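Same chain, two partners: subunit A is paired with subunit B first, then with subunit C.
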Partner chain A sequence: MRDRLFIALAGAVVGLLAVILVLQGNPANMGFCIACFIRDITGGLGLHRAAVVQYLRPEIIGLVLGAFITALYVKEFRSTGGSSPVLRFFLGMLMMAGALIFLGCPLRLVLRLAGGDWNALVALPGYVLGIWFGTLFLRRGFTLGRSQDQSAVSGYSAPFLAIVLLILLIAAPAFIFFSEEGPGSMGAPLALALGAGLLVGILAQRTRLCTMGAIRDLILFRDYHLFLGFAAIFVVALIGNMATGQFNPGFIGQPVAHVGSIWNFLGMTVVGLAAVLAGGCPMRQLILSGEGQGDALITVFGMMAGAAFMHNFSLAGSPAGVSPAGQWIVFISLALLFIIGAGNIVVQAKAKQLDKKAS
Partner chain B sequence: MPETIDCRGLSCPEPVLKTRQELLQASDDTYEILVSNAVARDNVKRAAGSMGWKVSVEETGEGFKLEISR
Partner chain C sequence: MSSSCYITFPTTFFAIRAESLLKKTGLTFKMVPVPRSISSSCGTALQCPCEDLAEIKALLEENSLELESFYRLEEEGIKKPLVTELEL
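The block that comes next holds the complex of A and B.
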């Protein structure tokens, strides 16, 4: 019971902070968007050159450091890795590809919904469908394999990189890109954004909040523990948006969104399926990175590569919609995910047969 | 000697899936489950508990050992 209250409370805090961050300068319905913010950081580092989405987002830095400090404090920090790093990198790329077609990670999907953006209402069943496909693979034995303990240096990589980003953000040297217009130029004050990230990092580490796990566990186990957090984000953000005049229901003219329903739906199907196979939504991957899990950090690197790929080749969605090339990317992503999932199951089944023969 | 389910190094939900699969067709009255992180510990504990099994947790050097019995 206490656990349930705690995760609902954590979700409520995320929802509330999201509303406050937008009031204080973040792009609309983007108090938090892990995919967008990782994409902005990728741009800030010059790895893609979409001038409107370049900023070293303090929220991401805070999330990683918050999870790191908490994990150390509760003695859950552990340097691990080695569970299919290459596949995780690809899954990260695909997860980002889907998110940039829809224009948001699952967390922003909830926040867009809470802002009255009905395009998110179209994307939500797509996301659930992707997760449902993912659970089919899990039930048939999909696994990325066991992780092993790694040298401590590996585990400290994510918090180290977060601190490097923080220094670059504050020092703002000339080789770091900061958008002068567009969503990348909009951000809450550094201290607030960093503090919000830290707080959510702490809460998410303790509660294991995950926007994919919320729906996956409902489907797999009828377990609504994580879903409580997911629902609380929505309810509080909705109330907050209504109270502050940020609730604008409709399809057209929504901030950082497009009305291509098919692509919103399928984009999130890609994200849902990739997140199940990778074992966590974009936010969860950041939190696990902070806890020392190299496998999660590899997934984040994959997301950065995915962001660079999508923007360098103009494949990402935009308020104008999804380009024909971007539409192809959706189908290619789905195909790759099915190959990764099905291929893994075939290999697992063969290994089991060999095991049986050997014994 | 209770049957051991080795979930070391696996990330969730795999430990829960493995445990549930085993418990649903349980032939024994006690199981020993090895996990390597706190998330898996909590999730397996919650899953087994909700299926009506008693769970006790012991910390080992490399993670946790859960004793599950009915």
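The block that comes next holds the complex of A and C.
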């Protein structure tokens, strides 16, 4: 009961902060978007050269540090890693590829819905389909293997990098890129964005809020615990948008969005499947990296590589739509995910053996 | 005050196996996300009445499932639940 109350509350706070961040300068329907913000950071570091999406987003720094401080405080910080790092890197890349086709991570999908962007309504069943595919792999024995304890230095990597980013953001040396136009140039004031990130980092660490787990647990076990958080984000952001005149229903002319329905749908299928195989949505990966999980940090690095790849080769979606090369990326990503999924059903033989014994 | 017991697993795979095995029996159980008060990780746990815990554990081990830990959780309203790790 207590847990349920808490996760609904956490979701509500995320929804509310998202509305406030947009009012204070973030791009529309982008109070929070983990994929977009990691992409912006990648651009800010100059690892991709799409001039309109370069900014060291303070929200991401706050999320990691919030989770880190909380985990330390409640003694849940644990330096672990070593569970299929290479595959996790690829899963991160693919997750980012799908998100940049749709133009948003699952969290932004919810926020776009709450802003009346019906393109997100098309993408949502795509996301659910991807997660459903993922659960098929889980049921057949897909696993990336157990993680092991690592040296403490490994666990402190994510918070260390977050602090380095914060210093670079404040010092703003010449080699750090700041967009002068486009979404990358729009942002809430630093202190507010950082504070919002910290608060969500703390809440997400305490509640395990996860936009993929929400739907996975519904499909696998008919368990709606995590879904409560997901739903609360939507309800509060919807009310907030309506109250502040930011609810603009329709398909066309939506902010940082395109109307390519097939690609919105399939892009999120890629994200859903990759997230199940990687064990968490982009936000959850950030939180886990703050808790000391090297496997999650590798996934975040993969997401950064994916963002660089998608923008340097002009594969990412844009308000103009998805380019033919970007459309190919969708199918290539799905194919790679099926290979990773099928290739890791390592305990299949054991499952058969167990069945035999049981009958 | 209500109390129930939980079994955690090393990977989701074993949790899913446990579910399909136990479905064939008449035992009362439910698959749930690992309660937040037990762990910050996001695995799946088996929830069952504490009086059935020993029987379920024996059945799962007989079928060579790998189990991680056992817990008893006592909840009262919205107060912080009391968690006891059980040595079985």
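Operating definition for what follows: the second predicted complex is superposed on the first by the 345 of 359 C-alpha atoms of A that agree within 3 Å, B and C clash if a C-alpha of one lies under 4 Å from a C-alpha of the other, contacts with A are read in each partner's own complex, and residues count from 1 in each chain.
The criterion applied here is as follows: a residue touches a chain if its C-beta (ideal position, glycine included) is under 8 Å from a C-beta of that chain, and two chains touch if they have at least 3 such contacts.
Remember, predicted model here, so these are calculated numbers, not experimental data.
Clash or fit: what happens to subunit B and subunit C when subunit A is overlaid?
Aligned on subunit A, subunit B and subunit C clash with each other.
State whether A:Q246 touches subunit B only (first), subunit C only (second), both chains, or neither.
neither
Quick check for you: in the superposed arrangement, does A:R2 touch first (subunit B), second (subunit C), both or neither?
Only subunit C is touched by A:R2; subunit B is not.
A:N29 in the overlay: touching subunit B, subunit C, both, or neither? Say first, second, both or neither.
Neither partner.
In the overlay, answer first, second, both or neither for which of subunit B and subunit C A:G279 touches.
In the superposed model, A:G279 contacts both subunit B and subunit C.
I'd like to know which partner A:L220 touches here: subunit B for first, subunit C for second, both or neither.
A:L220: touches subunit B and subunit C.
Tell me which of subunit B and subunit C touches more residues of subunit A.
Of subunit B and subunit C, the partner in contact with more residues of subunit A is C.
Output check: A:R206 vs subunit B and subunit C. Expected answer is one of first, second, both, neither. What do you get?
second
With both complexes superposed on chain A, which partner does A:L138 reach: first (subunit B), second (subunit C), both or neither?
Both partners.
Between subunit B (first) and subunit C (second), which, if any, makes contact with A:Q148: first, second, both or neither?
first
Overlap of the subunit B and subunit C footprints on subunit A, residue-wise?
74, 76, 138-139, 143, 146, 208, 213, 217, 220-221, 223, 225, 279
Give every residue of subunit A touching subunit B within the complex, in rising order.
Going through subunit A, the ones touching subunit B are 74, 76, 78, 80, 83, 138-139, 143-149, 208, 213, 216-217, 220-221, 223, 225, 279, 295.
Report the residues of subunit C in contact with subunit A in the complex, numbered from low to high.
10-13, 16-17, 19, 21, 24, 30-33, 35-37, 40, 42, 44, 63-65, 75, 77-81
How about subunit B: which of its residues touch subunit A in the complex?
Subunit B reaches subunit A through residues 8-14, 16-17, 20, 36-39, 42, 46-47, 50, 62.
Hey, which residues of subunit A end up touching subunit C in the complex?
Per the stated touch rule, the residues are 1-3, 5-6, 71, 74, 76, 138-139, 141-143, 146, 205-208, 210, 213, 217, 220-221, 223, 225-226, 279-280, 284, 291, 347, 351, 354, 357-358.
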